[in-house]
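Two complexes come next, and they have one chain in common, chain A, joined by chain B in the first and chain C in the second.
And then the complex of A and B:
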């Protein structure tokens, strides 16, 4: 039986990155991505420094560089959207590629911008992977509260996470039931299931079914919460103040990042 | 692979700082308002209902059916959430889904999250809402009306959201407008068919099993001013985007370059569109845009006027 518990990206390790206060981790991750967006395109030394920075954190987190890089491949398909910029940007022409009736001219500015987008995207994804794999979800919720997200929204997201795996399992059961009923013989090669409209209707029925089950489950959950005294108010323990070490990590991180951004424009 | 990234979620690095920030502000404002509105509607049932249904939409995105040659149709869920829950709860649910996808699964960036919430959660829901309501009114309560309206809402929500993605990429200087917008639109005109079919299928099932859900939604009062403003903004956006993309060879890309919100070295950060508007753009393009803007305003005024007239008449007859 397949379960979807592997969806949780958290990787337990006894590293200093895992122990860092989640609020600091969230702020530093967002700042890193912000800095990556802000640095000037074509300031290659700064890109290398940023890569070195994130690599250092990856090694310190004991996750391994390979693990983070495998995960960061997820954003790659979107790179296709940036390919045309190689040919459309104005600037010094490098060379031309004839493609049927068109002549595509590769410009220096185009290549520079394409590689910048590629690197920026790759660096940002690595930071996001690090945050998700070194922080448990309850800690992330704490961090969301720390950056002043509305309590109700945090409560909704917390409940969503609690039932994500339950409902994903439900969806898997629906898929399994369908697969069992429309099987395909390995030898005959005949496609299981009927016409396209029929397949779509069956899948739609599954989606409707899932919605209905969730809707009714939400009712039961509300009943259970109400019977335990829930009155619409979200109460939570007050958060502990940041330790001096966490402050130090945050200030140091922000300082390094802003220094890199400024440096990229001075180069 | 059970978790499959959605091609519509923009990763970090693809949007310029200005575009990402503006869309973050818009997304925060709308989600904040949706939080307030859905709390008024649902009161203390809000947290469990919204949380579980966000999980449901997330899980529903795993459902697929094979179309042909290894491709498959998927559900994204903006239309189905809007039809069954109403627009404000749907905005909230989709914002949570898109947020978790970015934060936990790196499907879509964190700085680009505002844009992704805007595209899927706000544009997707607004388009689905207007389409569903309009088609339903046109067919006047025939039984198949729900299915047709569901299909149209599903397809159009995906298509328009994709156009918005293309537009934002062009505005950021990541992809030329005359390629990004038609390409995103073209791909998602096909993907949207799968969405439309599943949405219609789900509605067919629910219409038999839980008719009361539809009746509850039909009783909801017509759209308030905030929804109409969102609709107007989307119409304006499209009115500006499409002539620019078609009339000027490399439209927005060129504007972006001229005004330097690609390489911040050329101008200050806040200079998204400076006051000395778009110098050098041929007048006909400006005229087309202006015509589009004025056209949208007129349509908006007519619709608004009709709504008021109807309400007045209803008030006087009752």
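And then the complex of A and C:
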């Protein structure tokens, strides 16, 4: 069987972070990202404290700091979108760069803000990587339901995750079938694979094929759901209440984060 | 599992199909005037070449597809809008591709799905899940993620998802397709243990001979033979005429 499992970011470890209630993890991760976003630009000591906080969790999770940093680096190129702020922010000019007919002035406030955005993105992505690596997806879905996300939305995310793998497996089989028939004769003197237009047509055909298969599968899945009584309403078993320890972890986490945000403006 | 047979009405056939015809929206006449009766507790095979209408027929048993003409009754209940929920509680449909049947994140969620929609209490749902997983010998699998199971394991869980609803009738589409010999053997053993009335659409003639005493042969949307399995399988001309091999 062809099988795709590299899409699943969960890394099983016996750490306390893995064992923490997924609802608490989801709330704390979102709060961490919110707090990081709210912190004043240029309040460097607070950034160090936030980094220390996330590093502590990374070490406690037994995933290793290197692992989380490698994964979080993937999101860094998107910070490129913030580059213009170096030139557009008003403030003390540091130096100017002539670019064709324009003169780009780098300001101190601009640089400060850019570095703040860079750090904020990096910290936020680390928190997200931690959440996804220490919580199984079914647990994440439970957590989303636990924090009162609309049930239909959670059900759709769940179906998407379930069939993403099935679809990826199907795509893999199609690619393999194409590869198996993409040969080249030594005597033809022409390069195998045909022209770009021809290859584009093959790829388009494969995408269409995949779409049709998904469409038919959706029909069959709905049949299977209806067979077992699905009536359009999303139902689920209720969840056990949070333990006192989980409450404590959540309240403590939220307090620390609020404190850091307030401090960043006082400094 | 024996209590699931307790609501049997003594003189009602489990499945009663009369003059059933069905055409898909594209005009393909998949079923033409199909009639047959299955008594409670009977184990019936549904064989025939691809495109004979086996899967289409099975999808009529709980109203996923509706007849163009004719009627389907399950334990005396006509399969129609007002009765759908009760019919679906009586008929457990197991689809050919377990990836269609297992649409929840975990095995537990999938097996709990049917009981949850039957309106049972949470304790009852948990009890049903434990009972159904035990019936397919997969009690340890509750927290597993469906995608990571083997095909044989998925097929067993797919059967558990309908057993949890305590159906009177099991309708299975190609239960042994895609299985290696050991998984196939295990599945046949499992089907032998289940007490429900059974209608099994299959190409696996050896399983039919072993497990299902009565056989319906379909071809071109019609039932062309209905009788004891042993008799039909010994009729070489009949089998050859409908592309079947013993």
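The working rule: the second predicted complex is superposed on the first by the 233 of 267 C-alpha atoms of A that agree within 3 Å, B and C clash if a C-alpha of one lies under 4 Å from a C-alpha of the other, contacts with A are read in each partner's own complex, and residues count from 1 in each chain.
Convention: contacts are C-beta pairs under 8 Å (C-beta built on N, C-alpha and C of every residue); 3 or more make two chains touch, one makes a residue touch a chain.
Since we're looking at a predicted model, the values are computed, not measured.
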{"item": "Contacts of A:217 with chain B and chain C, given as first, second, both or neither", "value": "both"}
{"item": "Residue contacts on chain A - larger count, chain B or chain C", "value": "B"}
{"item": "Which superposed partner A:195 touches (first chain B, second chain C, both, neither)", "value": "neither"}
{"item": "Which superposed partner A:240 touches (first chain B, second chain C, both, neither)", "value": "neither"}
{"item": "Which superposed partner A:88 touches (first chain B, second chain C, both, neither)", "value": "first"}
{"item": "Contacts of A:230 with chain B and chain C, given as first, second, both or neither", "value": "both"}
{"item": "Partner chain in contact with A:203 - chain B first, chain C second, else both or neither", "value": "first"}
{"item": "Partner chain in contact with A:161 - chain B first, chain C second, else both or neither", "value": "both"}
{"item": "Chain A positions touched by chain B in one structure and by chain C in the second", "value": "137, 158-159, 161-163, 166, 217, 221, 225-226, 230-231"}
{"item": "Residue ranges of chain A in contact with chain C within the complex", "value": "1, 5, 136-138, 141, 158-159, 161-163, 165-166, 217, 220-221, 223-231, 235-238"}
{"item": "Contact set on chain B toward chain A in their complex", "value": "2-3, 5, 7, 10-17, 20, 31-32, 35, 39, 43-56, 58-60, 62-68, 73, 75, 80, 84, 92, 96-97, 99-100, 102-107, 109-111, 169, 173-176, 179-180, 183-184, 194, 197-206, 209-210, 213, 250, 253, 257, 262-265"}
{"item": "Interface residues, chain A side, partner chain B - complex", "value": "2, 4, 7-9, 29-30, 33-34, 36-38, 40-41, 71-72, 74-75, 77-78, 81-82, 84-85, 88-90, 113, 117-125, 128-129, 131-132, 137, 140, 150, 152-153, 155-164, 166-168, 170-172, 174-175, 193, 196-197, 199-212, 214-215, 217-218, 221-222, 225-226, 230-232, 234, 265"}
{"item": "Parts of chain C lying in touch with chain A, wherever the complex brings them together", "value": "59, 62, 64, 85, 88-89, 91-93, 95, 97, 99-106, 109, 112-114, 116-118, 122, 125-126, 145-148, 150-151, 161-162, 165"}
